[in-house]
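Let me begin by handing over the structure; questions about it come next.
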Amino acid sequence: MIRGEEVLKHNTTESCWVIVHGQVYDVTNFLGDHPGGSTVVLRHAGKDVSEIFDPIHPKGILGETLTMKQILGPVDPASSITKASLPRTNVENTSPENKALPLSLCMNLDDLEMSACRVMSRRATTFITSGADSLASVRRNRKDWSKIIFRPRVLRNVARADMRRNILGKKSSLPFFIAPMGMAKLAHNEGELALVRGAVAKNIPYCVSGYSSIRHDELMACHKESGKGGFLFYQLYVAKSGEDATRQLIRTARNLGYEALFVTVDAPVIGKREEDERYKAELDYAARGAEEIVRTPQTTSNEAPPVLRGTHSYTLSWDDLRYIRDAWGASSGPVVIKGIQTAEDAKIAADMGFDGIYLSNHGGRQLDYAPSSIRTLLEIRRFCPEILSKVQIFLDGGIRRGTDIIKALCLGATAVGIGRPFNYGIALDGLAGCNKVTQLLSDEIETTMRLLGVTDLGQLGPEMVNCRALEEQLPTSLKSFHAEPRARI
Amino acid sequence: MIRGEEVLKHNTTESCWVIVHGQVYDVTNFLGDHPGGSTVVLRHAGKDVSEIFDPIHPKGILGETLTMKQILGPVDPASSITKASLPRTNVENTSPENKALPLSLCMNLDDLEMSACRVMSRRATTFITSGADSLASVRRNRKDWSKIIFRPRVLRNVARADMRRNILGKKSSLPFFIAPMGMAKLAHNEGELALVRGAVAKNIPYCVSGYSSIRHDELMACHKESGKGGFLFYQLYVAKSGEDATRQLIRTARNLGYEALFVTVDAPVIGKREEDERYKAELDYAARGAEEIVRTPQTTSNEAPPVLRGTHSYTLSWDDLRYIRDAWGASSGPVVIKGIQTAEDAKIAADMGFDGIYLSNHGGRQLDYAPSSIRTLLEIRRFCPEILSKVQIFLDGGIRRGTDIIKALCLGATAVGIGRPFNYGIALDGLAGCNKVTQLLSDEIETTMRLLGVTDLGQLGPEMVNCRALEEQLPTSLKSFHAEPRARI
Amino acid sequence: MIRGEEVLKHNTTESCWVIVHGQVYDVTNFLGDHPGGSTVVLRHAGKDVSEIFDPIHPKGILGETLTMKQILGPVDPASSITKASLPRTNVENTSPENKALPLSLCMNLDDLEMSACRVMSRRATTFITSGADSLASVRRNRKDWSKIIFRPRVLRNVARADMRRNILGKKSSLPFFIAPMGMAKLAHNEGELALVRGAVAKNIPYCVSGYSSIRHDELMACHKESGKGGFLFYQLYVAKSGEDATRQLIRTARNLGYEALFVTVDAPVIGKREEDERYKAELDYAARGAEEIVRTPQTTSNEAPPVLRGTHSYTLSWDDLRYIRDAWGASSGPVVIKGIQTAEDAKIAADMGFDGIYLSNHGGRQLDYAPSSIRTLLEIRRFCPEILSKVQIFLDGGIRRGTDIIKALCLGATAVGIGRPFNYGIALDGLAGCNKVTQLLSDEIETTMRLLGVTDLGQLGPEMVNCRALEEQLPTSLKSFHAEPRARI
Amino acid sequence: MIRGEEVLKHNTTESCWVIVHGQVYDVTNFLGDHPGGSTVVLRHAGKDVSEIFDPIHPKGILGETLTMKQILGPVDPASSITKASLPRTNVENTSPENKALPLSLCMNLDDLEMSACRVMSRRATTFITSGADSLASVRRNRKDWSKIIFRPRVLRNVARADMRRNILGKKSSLPFFIAPMGMAKLAHNEGELALVRGAVAKNIPYCVSGYSSIRHDELMACHKESGKGGFLFYQLYVAKSGEDATRQLIRTARNLGYEALFVTVDAPVIGKREEDERYKAELDYAARGAEEIVRTPQTTSNEAPPVLRGTHSYTLSWDDLRYIRDAWGASSGPVVIKGIQTAEDAKIAADMGFDGIYLSNHGGRQLDYAPSSIRTLLEIRRFCPEILSKVQIFLDGGIRRGTDIIKALCLGATAVGIGRPFNYGIALDGLAGCNKVTQLLSDEIETTMRLLGVTDLGQLGPEMVNCRALEEQLPTSLKSFHAEPRARI
């Protein structure tokens, strides 16, 4: 047994130990591979980090990640163990304005967001709400939806309102899915489990983040137990440690039974999420004072050069998709490219034969001043409309209303992803909150369909929306458009 | 005589009784047909609901709607009767800021609105002001008027300013009418009676809502008593209980002497009016706590499937207009289609031979992100200008100024409807408030005419307005335009 | 001598007396001709109105306007005389925030406005700042200037910066003039006298309002006494009492020596200036309580029909300009048409041979949603650019900066009028404040010229401004354009 | 030795003495040549001005500027010496909100600005932040960057992110430089020395202002001592005292070793910087009360006429560039024309053969409503794209983000200048603050490059940005475009 006092001495890049649930781990060699960067580990080096570790890591992950030599053994409970902790804000606040609204008084997703931000810890709020740089992408994501006006038709029999949608071969009850967002335990103890149950309850897809804070096998088990309905897809972050590690991730996902693979391509590095970085800087400042902490590029254990904010593979290219496709297997279900932001890249992905493309700027968390996904969709309509009949198109970013969803579908999207709102939902009340999100959107979609004069999502088309305000801001020509033909995979 | 304690036990969907003015009614079988949904009835089931019932229902309506078997007899006044009540807000507020402005200090309709909202109950304010979803339609309705600039001509003899307008064959003194809004008793005890008297006083039309809170025969009697002037039109909500019920409504209206029939076509379901729903949710929450109330689709006593927010007929189609036209009769006066929002539907209605089309998004209360009526009018000018000479065109939504009215007339409208402001007017002072609304608009129209250099509304034309800001946002082409020719009725 | 108690009884439309400086006048028959309407007179009927009367009327005007029979003789000073008074606001306020800034700390015209509004009476502030209806014209007037961007040229020798401008044949030191605004005594005791002196001091023109609160002969005398420099023009409001009265006004102006005649054509009726009307309504309310006062159309002593807000001639037409031109005389100096708001009317006026056209929406005080004068100028450039070389073009509305003035000149204006700011200037410090306004603008013009690379106003041209933002909002065609040729006068 | 009492008497334009560091100077004849105008000198005439003088003047400058006759000798320290002082605001403020943020908590340049403004004196804040007239240029400078949207490409190997840029033949580590801003000692005691050290530390260019508050020879010495890296350019303000003085300035700069000459052409006079002028007016008001101080045009000791705000040469023309080019010498390094604001002038400068053109409106400090530099760059792309391959293009104004810099480079800029932020940086912590500015921008550029899919600045191109919003506001044609061919120098 190792004494806490001893562990506390190992708090540097030369020797960095931490305690998690009574076990001491030597994470020195792992520092460069930590997806959140080494700084955040060093901040709590030498201490018992269980309380901080739990909400963002799957159970048992350390044991799987580290070698036996790095698992040093149990800490002596009788010794003096220093607990790492984070300041908790808001959560104990009991003034009336800071209480969550009951779900029954939440009329829309904005109510849910406002209410959830009253009860989440600052750590969770910061992670979930943050966006890149000046938040221009975040704001434009929402605003662009509001620039589209409907053209509703009247005097059509709308007794029926069929909201079912074929999504990657699955019959979803609704034309949206739960978009991948990492570390759902930050929002609620049940984390991704609540989202799996919510997907089952409403029979919609859930694309699980590669950064799930619950083990993927647990999620799959939960899915099976929860009864019929719902579909699980896997969102891949390509590992920077190389092709082998990535193949391993893919094979595991396939073997667990995920029904589609979403390959993330808009995150060669992590965006500059200032509120996130500010939160971390304030923790450092509280711990170490004004001393400037130089941000060091993240290194990796293999030979790749260190790269600033380089959490995942920053070498990923169109050619690499071939081995990813292979690792997933031809018969394992569809593959979707997630993070497309231009017509050019949409066309390449479609021409290569992928099953779907996912228009996204990562919720405004990566590049600032990125195009909203609806702008990219309009670009596709203008410059390569032929792909609309070849691939399924998904998109996300700033969707908060049934009207937003219908607008996307009118313009050719198969389905849309909803991210942050589901986190707000579970933060408020786990599965019930998750279901509330689905219910609100479903209700809005149904009413919007009838008021537009349609009874089936297949009747939606571009003639039902007026997009002039956005179309006037598209590029007038794309000179580089036909420059990059690629072979089908 | 039935004891109050007994009535109170009947408070479920299995057996639902209520007391109105001393009479006990069994409304169990009627729950699915209640236009406001069953939830609102169940909320007060078993109680004396007279106080809540009165402001929104015509006198005697229960007796007419229910069968003899459902009228259970008088309640025992000596027994313990539970009175249902609503929280009343604002109305007793006596702080100086919350007093109504005297009418003489209201310089425009915005002053009237601000003043009325100080004195109306929350129930009334909520119902009158609310709009769909995010209020985008409500806001755009008002803003679009402000995007039009005048092109005034000078040095014309404007001693005369003739504001008379032929509206559906009637000689109105002014080019606007009182638009249909339900349940005027919410705003003022006299309710629709004050509006009838106001229409007579100023010799303008009043299109009475199908949801009048005063019986239509009383309104007609009032009209006759009030002297010469004014015209009453009837706004039809097509009943979901079927064609027979609808024919009955139409025949009644015709027999009472309504001079035109306005068929509402933009309300197959009721829009998601969030402030309305929030108000109801807060009542439920106050009564029953946090327990989530699942919104159940509204069912009906006939075989139609239940439909969310399905208050009226959700099967109404162009073909049904034929029986409606028949029921009204060829010689009973004009028929107008109310709720047209696209050039396509305007053309269909005009080609079918209706007398008027009414461009409206229902005051922003139905579909969010609907086009404003002035946008639809500009669409008509671009894509089917020929109909401007075939039908009279009416429109409403966001009109608060004489300048708004003149702009609509310049672009081809025959007359415009004014809704909420008349409610604010009567809320402040019954007939006097109603007349104030008319007077303010009349005064603004007259001065605007002279400053534009016109002496007669017939001189107004598109060359007197600059609409570039709106024209740039119209669709550039309508592919679906000639797809739906229909036979004349 | 008449006793005050007796006078007080004459307070109705049947018999309306007032006391001014000890003299009793019977103004009953004059009520319909009072330019401010009869209501304002009746409000103070029977009282000594000297204090209210003085700031807005030239001395001795009652004696000139009324017949001998209407001048009833002196009031008995020993009797009980009721003094009419107005509530005075702000002016006694001594809290630090409400003190005027010293002129030396006013860096621009906005500073002057803010400072003046701290010290003027509410009556003055209301009259000077008010605008039509919703203030859309007032706001657009200012905002449109900000939409024009300069295209400055560098590396030009700018030692010289010649700001002189030929205005209607006079050599003005600067390319702007004091625009007509009535009743300057409201702002400062010296009223229009301070403005005459300011025009002389800086050698610029001053176009005196027909509603001068100082007698025109006094102004002319002041001009002669004040030394060389400055030019006085006369702004004509055509009288509603008929051609004879108008000819008389013109002859008087000509005989006094005014050097140009500006005929106001945008005021057939007065605009609905709501703050003005609110102020009057509040006075009535304070005096008479909530009783609604019905606004009666203004009548006149001749046979013309009564017209709402009909202060001046509302029959004035292009044909009437002939007698106006005649009354002024061919050799009496130029005639300018003031209040042109469309290219069509600009072309008519130019084709008729007038010397100048004055683009103006009356400072946003007449028609709401009127085009700003810069929009009208751009219309002229697009649809009838040939008139730019035939007439001098003046404009006003929202000009607060030297940059605004330079923009107008680049686009073809000869000179611009500055109105409200000169009122703010004199409100702060009479002649010194007037000169401060001129100095600030002169200073800004001079610096702007050099930074644009010009040394002479003649070098300014359309290539030095980028007006795309406004040009995109002009009408694309004017169908009615060549419809109204008229003979030259 | 001269007694302080005697000095104090010399406080007029007839005889104006000041004391600086114990020495008495007669500056009477220099008043007209003082770059800041004579008023500011007269305000403190007769007093010891050392404290005010130091932050904005290089050491020893008086001795160099004045003749021996004007250096009157030492003041008697035992006599009564009146010290001139300025009110100091903010700087002693110790309330928590007014403390600077530690650098480690500044996440972006806006944080640095906000923090610096909490600690700088009002004099410094005013000088650094102020802009021309209404601040329209200042605001548009920033806003225009936000109108450009990226078009990011995915799936490119971005392990590398090479930010190096060839700037005027020098290999800079980053594509930006420290733009010239005068009087850096106002922000921090080390003034320009901290900026030189910062340029060396990060190996970027620094273009030193002609108004350096540190002697140019000291800066050069500092550069040499600071080790390898960084480049110093010289910003020339052409002297109004004539060609000889200008030649002297240039020769000195060349001999000291400045590596490029930037000729300022947008400042024939100083812009009307109202906050600056307000600050001075308040000082005068505090000293002398409400007495209006007439702004007198600045005169010079030679025969040129006095010119309002005429601090530098106001006769500078394209032809004068010839002698400037000569004085600098053909082999002394590149010459850049700074302050170009139109395509026309850009083309002239390029055709004349200069090495670079610097698009700038002087940080919005000169002409109000000037085009932003990005608009001028877009004009060049539209009307004379051929010059993009002939000269290096620099620009500045409103750049606060790495994304702004990448946008400029996509559209053809070689590098951009960063001005005010470096002042904020040194105000907070001298060299460390300067380095923080560079580090933040470098970090943002690097992450933006990778998220755009580029590894080298040379891969940036116009296809990576969507500029529709700005392109729609460019002039559609330039009639004057080919009017001014000039010979190559």
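Lettered A, B, C and D in written order, each chain numbered from 1.
Note that a residue touches a chain if its C-beta (ideal position, glycine included) is under 8 Å from a C-beta of that chain, and two chains touch if they have at least 3 such contacts.
Computed from a prediction, not measured in an experiment: that's the story for all the values here.
Enquirer: Which contact partners do subunit A and subunit D have in common?
Expert: In this structure, no chain contacts subunit D and also subunit A.
Enquirer: Of all chains present, which has the mean Cα position farthest from that of subunit A?
Expert: So the farthest one, by centre of C-alpha atoms, is C.
Enquirer: Examine where the copies subunit A and subunit B touch and state whether the two sides share over half of their residue numbers (same) or under half (different).
Expert: Under half of the interface numbering overlaps between copies: different.
Enquirer: On a C-alpha centroid basis, what's the spacing between subunit B and subunit D, in Å?
Expert: 63
Enquirer: So how far apart, in whole Å, are subunit C and subunit D when each is placed at the average of its C-alpha atoms?
Expert: Spacing between the chain centres: roughly 45 Å.
Enquirer: Going through subunit A residue by residue, note those that touch at least 2 other chains and give them in order.
Expert: As it turns out, subunit A has residues touching two or more other chains at 472.
Enquirer: What is the shape of the graph in which nodes denote protein chains and edges denote touching chain pairs (line, ring, star, complete, other)?
Expert: Looks like a ring, each chain touching just two neighbours.
Enquirer: Please give the residue numbers of subunit C that touch subunit B in the complex, ascending.
Expert: Residues 133-134, 136, 140, 265-266, 268-269, 271-272, 274, 277-278, 281-282, 284-285, 290-293, 295, 304-305, 307-309, 314-318, 320-321, 339-342, 344-345, 366-371, 375, 472-476, 478-480.
Enquirer: Along subunit C, where are the residues that touch subunit D in the complex?
Expert: The touching residues are 102-105, 107-108, 146, 148-161, 401, 403, 407, 432, 436, 443-444, 446-448, 450-452, 463, 466, 468-469, 472.
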